[in-house]
Amino acid sequence: MKPTAILLLHCPDKQGIITEITKFITDNNGNIVYLDQYVDTLEGRFFMRVEWELDDFLIPTDKITEYIDTLYSKRYDLKFHLYLSNVKPRMALFVSKMSHCLYDLLARFKAGELSVDIPCIVSNHEDLRYVAEQFGIPYYVWSIKKDWSNKREVEDAEMKLLRDENIDFIVLARYMQIISDEMIESYPNRIINIHHSFLPAFIGARPYHQAYQRGVKIIGATSHYVTAELDAGPIIEQDVVRITHKDTPDTLVLKGKDLEKIVLSRAVKKHIEHKVLTYKNKTIIFS
Amino acid sequence: MKPTAILLLHCPDKQGIITEITKFITDNNGNIVYLDQYVDTLEGRFFMRVEWELDDFLIPTDKITEYIDTLYSKRYDLKFHLYLSNVKPRMALFVSKMSHCLYDLLARFKAGELSVDIPCIVSNHEDLRYVAEQFGIPYYVWSIKKDWSNKREVEDAEMKLLRDENIDFIVLARYMQIISDEMIESYPNRIINIHHSFLPAFIGARPYHQAYQRGVKIIGATSHYVTAELDAGPIIEQDVVRITHKDTPDTLVLKGKDLEKIVLSRAVKKHIEHKVLTYKNKTIIFS
Amino acid sequence: MKPTAILLLHCPDKQGIITEITKFITDNNGNIVYLDQYVDTLEGRFFMRVEWELDDFLIPTDKITEYIDTLYSKRYDLKFHLYLSNVKPRMALFVSKMSHCLYDLLARFKAGELSVDIPCIVSNHEDLRYVAEQFGIPYYVWSIKKDWSNKREVEDAEMKLLRDENIDFIVLARYMQIISDEMIESYPNRIINIHHSFLPAFIGARPYHQAYQRGVKIIGATSHYVTAELDAGPIIEQDVVRITHKDTPDTLVLKGKDLEKIVLSRAVKKHIEHKVLTYKNKTIIFS
Amino acid sequence: MKPTAILLLHCPDKQGIITEITKFITDNNGNIVYLDQYVDTLEGRFFMRVEWELDDFLIPTDKITEYIDTLYSKRYDLKFHLYLSNVKPRMALFVSKMSHCLYDLLARFKAGELSVDIPCIVSNHEDLRYVAEQFGIPYYVWSIKKDWSNKREVEDAEMKLLRDENIDFIVLARYMQIISDEMIESYPNRIINIHHSFLPAFIGARPYHQAYQRGVKIIGATSHYVTAELDAGPIIEQDVVRITHKDTPDTLVLKGKDLEKIVLSRAVKKHIEHKVLTYKNKTIIFS
């Protein structure tokens, strides 16, 4: 695999933008290996993901962002971000007591499915330290008191760790704690949560019990970016499974665990591959 | 197919109830062709559907209800209902302007999939009269004024029609009107609605637009019995379909129509086959 | 909706092709309203669907094909086809005795979901004439004898009808007859079939009985273009539904009918919208 | 959880069998906590799973099988098996080089989801020894030579291990080796395999490549009991996932891995809970 540059961009829709960008790349000897674009005709907005090989590319890698900025940003009112395939994102995992999402992500990581570094696992409980130790990843515990009296202090310590470890994005692998607005603002669209319901149904606590009470025939799981409003951030991925009247809250939890880990992993993969663009609380998912 | 009796019952769970009921049937020469039961251990309640052939059954058909009532009702605190396979339920269809659910039900009816009589189609618009005429079914129109000033009058006329036609149950095939509490009480768990969302997400008006706004990755449809609370009755059937960021409200409506008609038809079939038991706003669906 | 031109093309992958084609359209005042492309990196082949508004387009509509041919065909070794949104394709329906797919397509047609003309319905049985009459569409019956002694004669008559009616494509809506190679060659990738199994499982006759025998837990339906080899043509769409050990061949048929009509309709829609490209017995489906 | 007895049985269908069995249990003070039965009307065969609490049961636990045998076996031509909830089945895992199914099962085991003992993991490669070590489970490697010259010898060693460890059933968690008829006969309906296709489509080697070649729009995974005929044993569980023309064999493998582990785990759970009955190469799955 040759190293590539990945450009994610969006701007007001205007004829010629694809022509211009692809011309810029090919004129500079970039070999395009992926191109997908999408026009939201209701919003009048253009979205694009383009990836090209860097080995013969005439513009130095550390200058590409500057060139795009200078040449196109103003002209097209462009929002964009450039990623390099040979720079691994650094992912922090936040967990609580349930191991299924953590094991699923670590097993994929170990099998080479996730091109990331995982410098730390953070928890408010000791319960999953053994999993971290199985995989040789540092495990940090800060317990948040029930009255939240030390919440600020804990988040400060966590934020320091995230900075020290140069964390790019955070995965809440069934963390079960509210994240403060401050931390959310530090990682905009870079904190991925898994909620154990088919959002927007069953927001908040104990969604499987809510689903049981309501008597639904299908349950779901939703992975989304965390925003200030609870369970209301941009949805990355959802999936569902059929249930029956025979299911109890306990069996819903078991069936749901399978959904949660698959849905969360799909979302994490899409994020790592830079295939998610966020606009106005919704996501464009490139395939 | 020999004529059968179908007994749907529920009662507090107690050892021996299956033994007793099956013994009652077989001792009286009834050949059991279907038996399914379910114990809700959290509620401590027993549910059962049993069907047996009537031709050699020793108890006269019109006495069976009385015998079960006398022998078991008090002893087991039984709620039950007896249905006869050779008595076709009489179904009224309520429609508005969209034809997909109506066509789907009538095409099945015509193909012999639904063992019912359909004496009337009721609407608040003339739009679908041509469909009723294609299938030779009387079509009644009562327009409800926007200010609801004639709502009572219209419902009185509808109720008279339903009584005159001995209607057993009503299917709201995208009727798009609120049903009054009075009509609901006259047909408890006998008015089947299709709501074009994955309930309890997107209750009320324009659910596809709500889904579009929220940016969900899956949409659904829900068939339920109508109760006084809007879109909150016992759910009979749900199904979903995957969507993407490329979908607009218009394409959601198109994808949703396929879901709606399939989900509604499944629910209607289950109801006609007497395979739905309702308890505390939830359904037990026998297979 | 303004009239548009739709260009479907494929060619060996080569840098610059998107730039070139989009420049050709925009330089001639075409407003692009849809663009999707796909590179099959294993085959080294480029596929594209682009649609633009014709009202200000500088090249006369009847010259566009010629221009594309002259300018790009040889240079890029291009295979392409141009469609015009204001030219409705003419669709022939072939049916046998089961009505579910026919009703489903005609109900959609009547609701304005399918932008086609339907000049004729062809069958080998009288059974579904009443459906054709409900919708006011001419119904032609040619019975094929069991020993196929008149097969050639029947197909000649059918081919004459198809020519007389300027039929663009044929939908086998559960036609249940083998189509001759001659007819297939006259309509390459323009005969759409629905096979009642999840191909390539259960090729040939009575797939639901085969599925029952094998004890599968899921059944499917497959819509594909008809080629000379039975049930082996390019797959356009598939879907599945879960079954259980309680299902009999009869209930599989009922569950399957719902799959068949939805899958067939999705395939027909994609075809009508010119969103299917076929290459080496596989389809590219634009979204 | 009180200790229970679980009775799985099947016999020719005959009125009164449910009454008889449930009466036997309740007359002897057994409290029935689960009962499900199914009549295959085409085969004329009755299937039943019944579970009852043992604490007040009058018949000694080690005599129950004898009593059922004496009282009912001959009379009803009964095939049955009795399981005790407090006797954990002993499961052997056979693996090769891919870790996803192994991790998934061990993570569930560790989380208490699988009520089994896992005395050994067997492989023909060293690759996954680190996983076994992470979970502290003995890992045995016997390499089978390419020419199979030592196949018999290896299987003898494996069989000895299985006997020494009192293994009840074997799970082939992507073992990728043919099992000899001799071993299959020693564990009838007690070797669970996961095949990475939607059987009976794509039997044999490299099913994802076969699926890619055929151009299917959905791929699947199938868990089944191993029988002498390759990939033809009774199916326990299947599931599918939608794919597109953009998928390559490599991405199919990745998508398939998620299916495989979920489908295999569901099958293993059903087996452990004694909810699978096998009859004539098909399974009855109790819910």
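Chains: A, B, C and D, in written order; residue numbering restarts at 1 for each.
Basically, a residue touches a chain if its C-beta (ideal position, glycine included) is under 8 Å from a C-beta of that chain, and two chains touch if they have at least 3 such contacts.
For clarity, every value in this text was computed on a predicted model and none was experimentally measured.
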Farthest-lying chain, centroid of Cα atoms versus that of chain D: C
Copies chain C and chain A - interface residue numbers shared by over half, same or different: same
Distance between chain centroids, defined by C-alpha means - chain A, chain D (Å): 36
Centre-of-Cα separation between chain B and chain A, whole angstrom: 42
Chain D residues counted as touching two or more neighbouring chains: 41, 244, 246
Parts of chain A lying in touch with chain D, wherever the complex brings them together: 98-100, 103-104, 107-108, 110-111, 113, 134-135, 244, 246, 254, 258, 262, 265, 287
Sites on chain D touched by chain B in the complex: 15-16, 18-19, 22-23, 26, 31-35, 37, 39, 41, 242
Partner chain C, residues of chain D touching it in the complex: 38, 40-42, 198-202, 214-218, 220, 234-240, 244-246, 248, 281-285
